[in-house]
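Presented below are the structures under discussion, each in the form of structure tokens.
Presented sequentially are two complexes of chain A, the first with chain B as partner and the second with chain C.
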Partner chain A sequence: MAAETGTGVIVAVRYFAAAADAAQCEEEQLVLDDGATLGSLKVLLVERYGDLMRRVVESGSFLLNGVVCKDDALPVGDRVDVLPPFAGG
Partner chain B sequence: MSSPVPLVEPGARLAPERLARYSRQLALPGFDDVAQRRLANARVLVIGAGGLGSASVPYLASAGVGTIGVIDTDVVELSNLHRQIVHGVADIGRSKLDSIADTVAGIDPATTIIRHDVRVDSSNILDILADYDVLLDGSDNFPTRYLANDAAALTGKPLVWGAILQYHGQVGVAWAGHGPTYRDLFPTPPAPGTIPSCSEGGVLPSVCAVVGAIMGAEAIKLITGIGRPLLGTVTTYDALSGRFREIDFAADPDSSPITELIDYEAFCGISSEPVRGDEKSAVGSDLEPNFEPGFDPGFEIDARRLADLLADGDPIQLIDIREPYERAIAAIEPSELIPLGTLVHRIDEIRRDIPVVLYCHTGVRSASALAFLRESGFHNASHLVGGIDSYSATVSPALVRY
Partner chain C sequence: MHSRTAQDLLAIITSDEIDVRAVQKAVGAPHSGAVVVFHGVVRNHDEGQDIQSLDYRAHPDAERILAECCRSVSEETGLTVAAIHRIGHLEIGDVALAAAASAAHRREAFDACELLVERIKSTVPIWKRQYFTDGRSEWVGL
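Let's turn to the complex of A and B:
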């Protein structure tokens, strides 16, 4: 789990569409360990929000400060947007 | 993003009757007779005469876009009508292109509608797009979305894309050379089967209207040069909250340049080969059932085969893994309802001593359920290829299709 009570980095996470459905909220602030990576954020989200969020994590885009990130080893920065794709027309 | 120059040069002067038709938009601040002539001279290509096409094409026509090409190969079905409002009851069974053309003609017979009755792919999109100024993607699948993005990028034409699912919508503009593209937002397509389609997950019709109307507005803005296009911003709509939220995004610094069209089905992990069960059941299991002679314990069973088994009274357990609302529309009987979402909790109800056949609407969910059962040791399970839709089309036309 993240060090919610520790002295970590504060990350503002916004959830969209199925990500918001999974998190039951549109945005929240998470306190992560110093040096937290995108990968550790994903682990935390799945731990918190379960299977629905796992599906989002597997297929959705994570934008770190407005740039899509595919590398789980990168640090999360201070602003993350979680956006699942869908193709209905 | 700075406001780009208008995409289309103005056409000829408009007759007074045309000016009268457009008087309520000519009155708009920043919109004038020249803007109207740009629209008249514009050629817009729309992929899909479905929900988003229904919500964008009529507005493009009514606003005065002179030429609208539409790509679609489908025919109108009853289950389209709740959201694809260019089509009506009388259009069921007709080509969607003919239907949307009639609707547009009813709004303005001067609009030129070009019908592209083709499956759009890498082999034809560039030829089709060559005759147009802007591309609108209202398709219903990921391969086409990446195809549309790449074709627009290669030709330097702007793409207006919209997507809908359940209560959610997304819409944006991609324009290589002017801002980021769809690939900068979604660099990797989702694995097949991980994102439901509208037929699986449902969609609120007014979400189509919202997203399609925004797509129409973006096209009009690009053509006339008014406002600022949704470049580098994706607008999201949540009908349950009634709120819009935007995400500003920049180009992906790690993305590869788009240099050619590719095989988008393969890119999206979709095989053109049907999935076949070529592995046989585990040998020597205590749970190995005694199959009826001639029953293939492979992964798949087609509609005719299932009909034969049911007609012969062979002992099988037929399980409907759809939702109750679907079963109320049509069901293959005798069967038991175990919705997919409850299967994991109701696995004790699955027989191990006789063949088990799973079915859903089109065979996508049942394939997923089958994989789960196989992993759980049910080597006696198979699923109906094409689902009840294929069963109705092939052997039992009295079953209502949806």
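Let's turn to the complex of A and C:
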């Protein structure tokens, strides 16, 4: 008997490198609350996947609409990539 | 997977062995008296531990972002730059990154190449898993 607080939004989440190790998959669909932000996505991911994911989201970034982002206040939209800290070069 | 901007900047992500002369040729010009080429090479140690090999992974957008990186450095310095990053399994001694800049004089070329390498490392979504000689492995940077 959950209260109707909105329909929620389905978000396609892609995981890379250590994030894929933490999630044990490379892509999945998550249901987030309407108006979900990167900050609330981080909380959900850490709850689901634990310490390795916590280290990924605390030191990494996200790709939203083709742009690398770190601002927790940004809205998630319908697609987001979880990016561990970069280690090129 | 070749990206070239309007200024014909070379920016490539490849799983093939890097042709280190390609970045040098890409930045060379009759007015340039200095060409600086940096090779990032897989070394056999990291923070006191012995490294066996590395695996590099790139985001599907990495080549576009590498091209943006080259373009921004070129616009800021007014110089021609180029970069090729290799991904996949690399052994000790393999070149993982070749970056180049050219200028009329060496100081500007050294500075631009340094700026380019720093920006590639901080902004291009590439990840590196290192395999130690004792069989363990870990993602770098976590």
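By our rule, the second predicted complex is superposed on the first by the 80 of 89 C-alpha atoms of A that agree within 3 Å, B and C clash if a C-alpha of one lies under 4 Å from a C-alpha of the other, contacts with A are read in each partner's own complex, and residues count from 1 in each chain.
In the analysis below, a residue touches a chain if its C-beta (ideal position, glycine included) is under 8 Å from a C-beta of that chain, and two chains touch if they have at least 3 such contacts.
Since the model is a prediction, treat every value here as computed from it, not as a measurement.
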Who does A:A73 touch here: chain B (first), chain C (second), both, or neither?
neither
Which holds for A:P85: it touches chain B only (first), chain C only (second), both, or neither?
both
A:S59 contacts which: chain B (first), chain C (second), both, neither?
both
Quick one: classify A:I10 as touching chain B (first), chain C (second), both or neither.
neither
Footprint overlap on chain A, comparing chain B with chain C:
16-18, 55, 59, 63, 66, 68, 81, 83-89
Using the touch definition up top, name the residues of chain A that touch chain C in the complex.
16-18, 21, 52, 55-56, 59, 63, 66, 68, 81, 83-89
Taking the touch rule as given, give the residues of chain C at its contact with chain A in the complex, in rising order.
40, 56-59, 61, 64-65, 85, 96-97, 117, 120-129, 139-142
What residues of chain B sit close enough to touch chain A in their complex?
47-48, 50-53, 137-142, 144-145, 162-165, 168, 170, 184-191, 194-198, 201, 203, 234, 236, 238, 241, 245, 247-254
Chain B touches which residues of chain A in the complex?
14, 16-18, 20, 26, 55, 58-61, 63, 66-68, 70, 81, 83-89
